[in-house]
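Next come the structures, one after another.
What follows is a pair of complexes built around subunit A, which joins subunit B in one and subunit C in the other.
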Partner chain A sequence: MNTAGSTFTMPLGPVHVALEEPVYFHLTVEGETIRHVSLTSGHVHRGMEAMATQRNLVQNTTLTERVCSLCSNSHSFTYCMAVENVLGITIPARARYLRVLAEEIKRVASHLFNTAIQAHIIGFKSLFMHTMEVREMMQDIKETVYGNRMHLASNCIGGVKCDVPGDLLDYILSMIDKIEPAVEEVRELYSTNSMVLARTKGLGLLPKEDALRLGVVGPVARGSGLRMDVRRDSPYAAYPELEFETIVDSGCCIHSRTKVRLHEIFESFKLIRQCCKRVPDGPTIASMRQIRDAEACARAEAPRGEVFYYIRTNGTDIPARLKWRAPSYMNWEALGIMMRDCKVADVALIANSIDPCVSCTER
Partner chain B sequence: MSDTLLAILHMIIFPGGIFALAVGFFFKGLDRRVEARLQRRVGPPLKQPWLDTAKLLTKETLIPKTACRQAFLLAPVFGFTGMAVCAAFIPIPGVYSGLNNMGDLLVIFYLLPIPAMALMIGGSASSSPFGALGFSREMLLMLAYETPLLMILLAVAMLAGKSIAGGAAGAEFSLLKIVNWQQQTGSLGLNTAMIPALLAYLIFLPGTLGVAPFDIPEAETEIIEGPLLEYGGPLLALFNMTSALKTFVLLGLGVALFFPGVISAWWPVNLIWFVLKCLVLMLLSITVVKSATGRLRIDQAFRFYVTIPAALALCSLILVWVM
Partner chain C sequence: MQKIIRGDVHIIQSITALCDGTGAVRHSVDSFSNAFYWFRLGTPRMLTQAAAVLRDAGARLCMATACNSRHLNEPMQEVCYHFEVSGILYNLTVSLNGEWPTVPSISPLFANADWHEREMMELYGVKVADHPNPQRLFLDEELDAGLLNKAVPLSIMMNGACTTDLWERILKDRENPE
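Then we have the complex of A and B:
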């Protein structure tokens, strides 16, 4: 502890109960008020971009899925799109729908997880347990349909690895009918419970101008009143054929980010229902093409925001360069603004409100 | 046997020390179990607090290099003895009359903040910034919840003083006399003038016991347990035991102040009746509240305590005054 005048330095992290992943906040504290925040990261750097240039294109599908567990599907999804762009593959219609299906199932589970963690940080154990219980139903869907609870392993270059047959689509529909009222209850709790509101409303402010300047993405941007959604701005897979709303809230605070996430879950339900009903018959995978000397990129909307992949091939099956940008990289720059003059008690809450994915960002 | 020796035995075996610890651990175990059931979990077995303590006692004591050694070591002992002594002052209606020859309500009022002070001393001696934050939070919270407590005790003492000895005494501060008087004329918890004070006492309990929504000084997700962060092994076990003793003392005080009725002339029945009443008090004011709320920020908690419970207690005080 360094004491200089009335302020002292408080470490938060790298290992801290309120953080799911290691990141180190240096907080300069005056009493209970934060005067300055600086951030150190790199604890979970695994050199994945270098690893990607030592594996072939097919192996990298598995590698990119392991970048992060909460948005694992988005990474392999975007990676596959980038590879398909570089090879010039057009994927079959059924695969486009099944990809969206897997992506939206993951999105619901991820958003519910983040809101549950918020209750945990507030110390509201019952609400945490309840939200996790609802999320567990989503996990059941993943396990029944894909065989795994976190890594769905559904994407592969040219389409999807395993078909989802009709009876499983019916199962998903019946489960969604069961989960929807439960999520409605959770949404009601988060938007009306005075305890939750007292801790989240009007705190961790990120004004629209700052959000624009810092280029934040995903629910953080949408919670600050920016209508940004890659699914709509640069449609991919089956999204252009599906109807959904982009949820925007102009509250700019922790509560409005939570609200955006909880409302987005219902949009995801809409998308899952449409996918299950409209998915066309046909093949699920396109054949591989000759690898050229070329470069391409792809972007997609992960639960945390835009994820971007760049790939350069040199005619061999090993990529010459694979680079990706995770949404949290853009969002955690905004923490400095959100935490300005906040209380020590709110630091973990604000950090959680951007839904930081440290292993994505540090890869 | 001399009075002093008997008093010491009361502090070590019954009702302080061993007995209070057993009851306190039983309450804590049940609290965790009921909370788990309210959250649709199975929850730990009832003996979990015993197992936790046994495990901690076998562990090594680590003292941070930068810590103030004596204060760090003595703080948990200070808290534990304070509470064990305090437990001996709590009368168990129909069983035990409390150390009434040595003190009364005011002594209890002075002994009650000792665990919180031990936590503050331990936290600041640990030289951890989290301990320092926990210290300041505990101090603020203490300031906030001690005011309503003082007013509750005053209201009870004044009401008792008005009736006992025809109001000649002014206020009656002997807990034993208050208990006996209530057994003859009816429980204070059912007295209209005292209902606000009872409510204030129920609100005071979670704050002083440091459970949600007032678990602010030891907030796990904010300041990683604050003052307790550097503690481990037997010293932490001592803090846990202090907390169990404090649960017993505060619930027992609540029963003695508001519901000291007895149902039998045979003491074991009265003892079970007393524990049951404590249990109901705990479930109402701690377990249910804990599972229905999140944690407040320290400024919100402070504002809450100096308004609602203070107003309730003041209401009782005024009612007692004018009646």
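Then we have the complex of A and C:
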């Protein structure tokens, strides 16, 4: 510990700050109060962008799905959209709905996971266990429908790899009917429990102007009053044909971000139901087209916010450049604002409130 | 029927004035009718002016990509900045000048350019002039630049018999000892 006047520099991490992913915080503290935060990351940089330029377009679908585990579907989804944009492919209507279905199932599971971790950090073990149990039902859906619990391997260039037959759509609907009241119970607990509220309400503040200045995305932005949602701002897949609300909360604190996530789960339920009921019949994949020299972008709303992909092709099946930016990349800097003047004991809780993903930030 | 492509006329006109050459400005749409504009700026110096136009229009910087038409480990030739305004993407590409690949920092205009620019400096060897916080992003300050380039990748070592990569690498290292 270094001392300078009345302040100390305190290292925290790199492991076990919120999740078991490595980030190293350098906290300048005055007593128990944080005055300045800087962070060091890079412990899990895997050189994935270089790997992408050594694989063909089809192989990169598998690679990009492994950028992140919780947002895995969003990465392959956005990557496939970038390839479809660069090649000029229009995917079939059934694939558009099935892509949204997988994406929203992943969103519910991801939001429940983050909310559960919050209870874990607070030390409310029974709530943690209960939320994880509810999430387990979403995991069951994933395993039953896609065969995998994390990497669904559903997206492919031109559409979706596997069709979801009618009986599985009915199964999803019946499971959502069971899960919805359980999530309602969880939402009620997070909104009213005095222990949860004491640790989350009014803490980890990110004012709207700072959120705008730092360009934060996803529930972090929406929890600070910014109405931004790629699904609505630049509609893609079947989203333009489906009804859902963008949840915004102007509380700017940890609790606001949790509320946004919990309310969003119900919007995802709405979307899942609409997809199951309205998915049109027809093919699930469009054919490949000739690869030329071109460049394109694509973006999508992952559970943590906007995912952005850029691709450049050079006439071969190996991309000349593939670059992506995960939502957490935009949200880390906001921790400096959120943690200022907070207590050291709240660092893990505040870090968790941005739903951080280190491995996708560092690629 | 001609498709109507949405876009902010003021942004398009102001940035077009900073571009030169044929094909420096183009637009595209995806299959969901989302619009993309692509501008190739005359020189990297124009970037600050173009970024100021976008900042004044309330744009958000989404990403910056350092590109190379050959191989990733060769010097970068271009940087593409991706901005979003009202759901429309405006992409600004600047070509870098040969041996001194330098772009001006846009961090004073867009606070979230900080990480993107530090990443470009650290991982892609692009120089960013007047960056307010030119520290390492992912690599520890104690590591020498290009440290990993000294190591021979396992994939090259394993393919000694079927490619010339390993032998070329050894010859190159012998010709240019540290």
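Methods note: the second predicted complex is superposed on the first by the 361 of 363 C-alpha atoms of A that agree within 3 Å, B and C clash if a C-alpha of one lies under 4 Å from a C-alpha of the other, contacts with A are read in each partner's own complex, and residues count from 1 in each chain.
Note that a contact is a pair of C-beta atoms (placed from the backbone, for glycine too) under 8 Å apart; a residue touches a chain by one contact, two chains touch by 3 or more.
Computed from a predicted structure; not experimentally measured.
S.K.: Per the contact definition in the header, classify A:85: touching subunit B only (first), subunit C only (second), both, or neither.
M.R.: A:85 sits against subunit C, while subunit B stays out of touch.
S.K.: Please determine whether it is subunit B or subunit C that touches the greater number of subunit A residues.
M.R.: Comparing subunit B with subunit C, the partner touching more subunit A residues is C.
S.K.: Could you say whether A:133 touches subunit B, subunit C, both of them, or neither, answering first, second, both or neither?
M.R.: first
S.K.: A:151 contacts which: subunit B (first), subunit C (second), both, neither?
M.R.: In the superposed model, A:151 contacts neither subunit B nor subunit C.
S.K.: Just subunit B (first), just subunit C (second), both, or neither: which does A:8 touch?
M.R.: first
S.K.: Of the two partner chains, subunit B (first) and subunit C (second), which one does A:236 touch, if any: first, second, both, or neither?
M.R.: In the superposition, A:236 contacts subunit C only.
S.K.: Between subunit B (first) and subunit C (second), which, if any, makes contact with A:299: first, second, both or neither?
M.R.: second
S.K.: Touching subunit B in one complex and subunit C in the other: list those residues of subunit A.
M.R.: No residue of subunit A touches both subunit B and subunit C.
S.K.: Which positions of subunit C touch subunit A when the two form their complex?
M.R.: Residues of subunit C touching subunit A: 28, 30-32, 34, 36, 38, 60-63, 65, 67-69, 71-73, 80, 82, 84, 86-89, 91, 110-112, 114-115, 136-140.
S.K.: List the residues on subunit B that touch subunit A in their complex, please.
M.R.: 35, 38-41, 127-130, 132-133, 136-137, 212-213, 215-216, 219-224, 290-300
S.K.: Per the contact definition, I'd like the list of subunit A residues that touch subunit C in the complex.
M.R.: 40-42, 45, 49-50, 53, 81, 84-85, 89-91, 213-215, 233-237, 240, 295-299, 306, 308, 310, 312, 314, 320-321, 323-325, 329-330, 332-333, 362
S.K.: Per the contact definition, I'd like the list of subunit A residues that touch subunit B in the complex.
M.R.: Its residues touching subunit B are 1, 8-11, 16-18, 29, 31-32, 119-127, 129-130, 133, 195-196, 198-199, 343-348.
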